[in-house]
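Okay, so chain A shows up in both of these, paired with chain B first and chain C after.
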Partner chain A sequence: MTELLKTNDLDVEFPTRRGTVRAARSVSLAVGPGEVVGLVGESGAGKSTIGNAIIDLLEAPGRVSAGSILFEGEELCGRSESEMRSIRGDRIGMIFQDPQTSLNPLMTIGAQLIETIEKTCDLRGSSAKTRAVELLEQVGITEALPRLAAYPHQFSGGMRQRVVIALALAGDPDLIIADEPTTALDVSIQAQILDLLKRLCRERDLGVIIVTHDIGVVASIADRVVVMYRGEVVETGDVAQVLGAPRHEYTKSLIAAVPRADGKLDRFSSVDYIEGNVEPFQRIDIQTHWLGQAQHERTSGNAIEVEKLELSFVLQKAIIKRNRKLVRAVADVSFEVKEGETFGLVGESGSGKSTVARLIAGLHRPDAGVIRVNGQDVSSSPRSGAARDARRAVQMIFQDPYSSLNARMRVIDIVAEPIRFYRTASNEAETRKIVGELLDHVGLGAQASLRYPHEFSGGQRQRISIARALASRPRILICDEPTSALDVSVQATILNLLKDLQQELGLTMLFISHDLPVVRQMCDRIAVMRHGSLCEVADAETLFSDPQHEYSRHLLDLMPRMDLLGKAEV
Partner chain B sequence: MSLQENRPTTRWQRVRDNDIVWSFIHSPGAVFAAAITLFAILACVFAPLIAPFDPFDPAQISLWDGKLPPAWIEGGQPQYLLGTDNQGRDMLSTILYGGRLSIMVGAAAVCLGMVLGVTLGVISGYVGGVTDAIIMRIADVQLTIPGILLAILINGIGRAFLPLELRQEFAVYVVILAIGLTDWPQFARVTRGATLVEANKEYVQAARIIGLPGWLIMLRHILPNTLRPVLVIATIGLALAIIAEATLSFLGQGIPPTTPSLGTLIRVGNDYLFSGLWWITLFPAIALVVLVFAVNLLGDWMRDALNPKLR
Partner chain C sequence: MIFFVLKRLAQSVLVMAIVSAVSFSLFNFVGDPVNNMVGQDATREQRIEIRQQLGLDDPILTQYARFLGNALQGDFGLSYRIKRPVDELILERLPATLELVFVSAIIALVVGITLGIYTGIRRSAWTSRIILSVSLVGVSLPTFIIGIALIYVFAVHLRWLPSSGRSGTMEFGWWKTSLLTIDGWRAIILPAITLSLFQLTLILRLVRAEMLEVMQTDFIKFARARGLSERAINFRHALRNTLVPVITIIGLNIGGLIAFSVITETVFQWPGTGLMFIQAVDFVDVPIMAAYLVFVALLFVLINLVVDILYFVVDPRIRLGN
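Take a look at the complex of A and B:
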């Protein structure tokens, strides 16, 4: 097969004032026409760097220090900026992760398309417009002509990503580089976009490089896979071979760490191929420890009861009530979570699942309905002493590990805050000891306590968040997408930690996620949400084997296909 | 990644490694501005030690030496390097003492405005609703009135309330109050904006879930995270406050001529400008311009260095 694009021993380095970072080391890969190559790896593996290096869009001060990039037999390295500009867009198209930011919000879709078409092909005026309509129809946007006049914000995320693809196709390129094209999208839209890319690749004989961290994406679209680890290619091959019978240790453990939907495991298998293994930390005996002291009273009732919850957000303010524009975030939601169980809340973005969590945590007040925590009504008079006391038993782990810790506080002060505020330790020395033990217990180590959050990675920060939540001695832990910002390998260890804690402490857990395989592994019962209301509440196994509601079935169908991985069982 | 390996170890190396320090060392403008500012501040603070004369000591002033030109001009005397003013005070000493007062008044006024503005801004942003509306509308109204007019107004009211014999003595504090009260909306606006951003971040929500009361969240979590932009406008505000003080004094609304500030000196000199006594007004004016320019340059650099988007 002739190769469309080929890199030979490509080295990319970022000289900084603290020394040179070699982001990619002797990377060789090839894409043929009509072929989809998946470039997978975890964050920091150098996969996006390779994508950017090919189109010469490396962020300063990055540069290609060795090797060559051959595109249709021509060398791309060392081209001038103007030569590269004519290649980009014209012969190599790009699709970026976030459809929000890759379109200009002040220009209509049509203007942006026509501008690109006029730049890349020799079409003007009405013929350019006709071409724009054609392109939109090709990417599956119906009624394309009137929609040319629409602005990006009038389109949904998936539609916008289609427009971005249309833009990438405008110059009739031979190669498309898609950097995490579906990461910002919901599962159902992800499936559509991937189908579209694959169809275009076949129809137009396009070469596609798809850069992603998601093995599910690769499994469903790619013909060949390149696995990267710390700047190096560790394995290359056909999808079926690499995912089905991986040769390299890293690939094996990476694939094993992907949460699976086809059965329940006791623990997540973690990526053990990590250089410089972390030594296990001293775990405390929970029952006799300070943490366990608050846990003695255990009831068999419901930890959380939610009745007919309603909440609307004001879209447009007005003094006269009926002139206000409201959007219903939560409508008529009722469920209960039993003491000690893990209750999953799934749904696509905008379904209101996070809002329900925030209501229970007391970050929003409901418009109507009752929330009871351990039998105590916390919603009708949230400022009363009884409600406050009941709320202390509820703690929350947030999605974004980067904004959930105060950057100006040391870890010890972050974790010790609830202990100091409620004076649950007798003195400062005991507080420090408890914080150290909590940090040990979540696998960070007590010596982390004197450092600041920015010195830690995403997974480590999430552990600090967990330690902070534990410091309030909670009975109920709300986890709002706790791992969706993390790599697969880190996700597995964090989920294992949460599982262990739940068992040791008998915590009740409300687990919110859009990731169905993860939810299946974590939860006892699951509620499916859509447009602010509940579709179905069922036992986890029942839901996955025999979904009752139409929407649940739809969601389950959209799960990334993992049948290839089935063979990967070691 | 490999960055971890060559991390500096000693304290000095860590200071040098700090991004802001690095950006400072590598921007000549900032070093220059900081040097001038530091020089000016030191010269003014230590004025009693380095000034050749004490302009407040009547024994050292002789009207016979009045209106002498700078030393290098014919008729000048070597002990009065920059000449003397109409009362026979040495210009160099008077500028040092005057600069001292100007910087002191400016810094105190900015501190007052900052404390007031930041407090109101954080409360406004965090509490929201009616409180926010009231505070910000007051700020808006105040911003529609030119600052210097407002300062004159406050200054006038402040003086009117003081008994006659205390007016001289408290004039400085009235000026500080007037400039500080004019300054606060800037701080309040910037802080409110930063607070709105911070209050939506998850660490603040985590603090709310822990059950911390609002004042503690504002003080411990939000305030430290909003101080970066405040620092920048405080520096630029210092320059503006020095100018405001000089303007008030120039207009005869500020510091009385017996305790000279840079503004008072310029005003006194202005009366003699057409008599050919240019040095009485020129040298204090140069001192003022250089000082304000240096502080502004420093503020500009700080705005760029502290803004992660511009880095």
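Take a look at the complex of A and C:
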């Protein structure tokens, strides 16, 4: 097979004051025309660096220090900026992760397309405009002509990613490098975008490099896979072979850690190949410890009851009430969560699942309906003492570990805040001791307490969030997409930690996620939400084997095919 | 948008009501107005008569209503010192200040934005570093020192430009302009530079910081990946995205320039409203102070309104709602 692009022993390094960081070490990979190559790895593996190096857009001070990049037989390394500029867009196109930020917010879609077409195709005026319309139609945007005058913020995420793809295709390139093209999108949109990329690849004989951390994406689109670990390629091969019968130890453990949708396992398999990724637990004895003291008798009652919940947000203000534009975020939602169970809430973005969580946590007030926590009505008079006590039992873990911790507070103060606020410890010395033990318990270690959040990785921060939630001795944990910002290997350890805590403390968990395989592994019962209302509430196993609602079936169909990975060991 | 503008107008009216109340209270709290008007040897009967003539015995709300009514018609009474209507005095002085501010704002905008873009794009060039170091001097030196230094160099030492005053004026109705003669320009240059220096530095640094930030965004990276030229990236994509915060600061600062050109006008003996205000303070000339206060507030309110409307023009996300 003739190769479109080939890198030979490519080294990329970032010289810094503290020495040189080698982001990629002798990376060799090849893409042929009409072929999709998946470049897989976890964060820090150097996969995006390779993409950026090919198109010569490495962040300063990064540079290619050795090796070669051959594109259609020509060497790309050492080209001048103006030579590279004539290759970018014209012959190699690039697609970035976040369609929200890839487009200039102050220019119309049309202006951005026409500007790119004028540069890459030497077309002017009305013929450039015609070409812009053609491109939009090719990526599946209907009524393209009037939409040229629209601004990016008037488009949904999936539509924007289509525009980004149209822009990347404008110069009719031979190679497309897609850097996490679907990570920021919903599952249904993800499937559409992947289909589109696959179709374009076949129709135009395009070579595609798809950089991703998501094994599911690779399974559904790639022909060949390159697996990277800490800057090096550990395995290359046909997609069926790499995913079905991986040879390298890292690939094996990475694939084993992917949450399975086809059967329930006891624990998530952790990526044990990664050094230091063992779970260091210095577990405390719950029965005698402070953390266990607030435990009361387990009842068979409901921990959370939600009845006919309603909430609308104002989209457009107006003085006259009926002229206001409202969006119903939550409409007639009723369900109950039994004590000690894990209840999953799934749906796409905008389905209202996070809003329901925030309502229960008391961060929004419902327009109508009742919320009961441990039998206590917390919605009708939220400021009463009883409602406040009931609320203390509900704690939340947020999605983004970077913005959910106060960057100006030390870890000890972050975790101690609830203890100090509720005065659940007798003195400061005891508080410090409890914080140390909590940090130990979540697998961070007490020595973390004097450091600041920015010194920790995403997974470690999520552990801090969990310790903070535990510090109010909750009965109910609300986890809002707790691992969607994390790598597969880190996700596995965090989810295992949550499972362990739930068993030890008999916690009730409301688990919100868009990731169906994760939900299947975590939850006892699952509610499917769409446009603010519930479609279906079912036992987890029933939902996956025999979905009743049409939308549930649709969501299940969209899950990336994992049949390549072989059967799960149940 | 109309809804938005109406809301802003309502807020403006509220601000003006509060400011007018404050400036009205000046009359009652800064000394006794009658004492300020009559000589030391006025008799008790004369004083009472003046009090009644001025309506100072009426209830305070009636007095305030009268003050407001007059103010709305531009009537702020007679200056205690010069014994002429205050509005006339302000109108007479206003062209000088406005022209000074206009020229210095143009200098600050043109030079500030240009250098800001330059230092933002060539951030490690030695020229950028020199510009930034010099600009630091501009911020840290007080205006009057810069003014005096300029006078010393260009007026005293080199004798190229006049050291003070406004000359070469031509009249168009009540507006006296100095921008149509060479003499006028020679006189305005030094004070305009002095007044603009601080704003220029501020704008330069703001534009640079915004440029650096925009340059890090994904859409700039995507524009590069499409092979667009540096010029298109810098000016079409980056510059416009820096404008929203820059407009905010520039708007507020131009208000500041007009209101607080006091120091520059004093150093250069520029016959504008700032100089008039300083003299009014010296002589406790309350009507001028009160009128000036209302005038400055009105200026800020109007400029803010213009800035808000400019956001609509620049940023479609605000313009198109939702």
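Methods note: the second predicted complex is superposed on the first by the 558 of 570 C-alpha atoms of A that agree within 3 Å, B and C clash if a C-alpha of one lies under 4 Å from a C-alpha of the other, contacts with A are read in each partner's own complex, and residues count from 1 in each chain.
Following the convention adopted for this analysis, a residue touches a chain if its C-beta (ideal position, glycine included) is under 8 Å from a C-beta of that chain, and two chains touch if they have at least 3 such contacts.
Treat the numbers as computed from the prediction; the structure is a model and nothing was measured.
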| item | value |
| --- | --- |
| Which superposed partner A:85 touches (first chain B, second chain C, both, neither) | second |
| Chain B versus chain C as contact partner of A:363, first or second or both or neither | first |
| Contacts of A:493 with chain B and chain C, given as first, second, both or neither | neither |
| First (chain B), second (chain C), both or neither touched by A:22 | first |
| Partner chain(s) touched by A:400 [first = chain B, second = chain C, both, neither] | first |
| Which of chain B and chain C A:161 touches, first, second, both or neither | neither |
| Which superposed partner A:392 touches (first chain B, second chain C, both, neither) | first |
| Partner chain A, residues of chain B touching it in the complex | 1-3, 5-6, 17, 22, 201-203, 205-212, 216, 220-221, 224-225 |
| Sites on chain C touched by chain A in the complex | 3, 217-219, 221-229, 232, 236-237, 240-241, 314-317, 320-322 |
| Chain A - residues contacting chain C, complex | 55, 57, 85-90, 93-94, 96-98, 101-108, 115-116, 119-120, 151, 153-154, 164, 167-168, 170-171, 315-318 |
| Contact set on chain A toward chain B in their complex | 16-19, 21-22, 44, 230, 358, 361-363, 388, 391-392, 394-396, 398-400, 403-409, 417-418, 421-422, 465, 468-469, 472 |
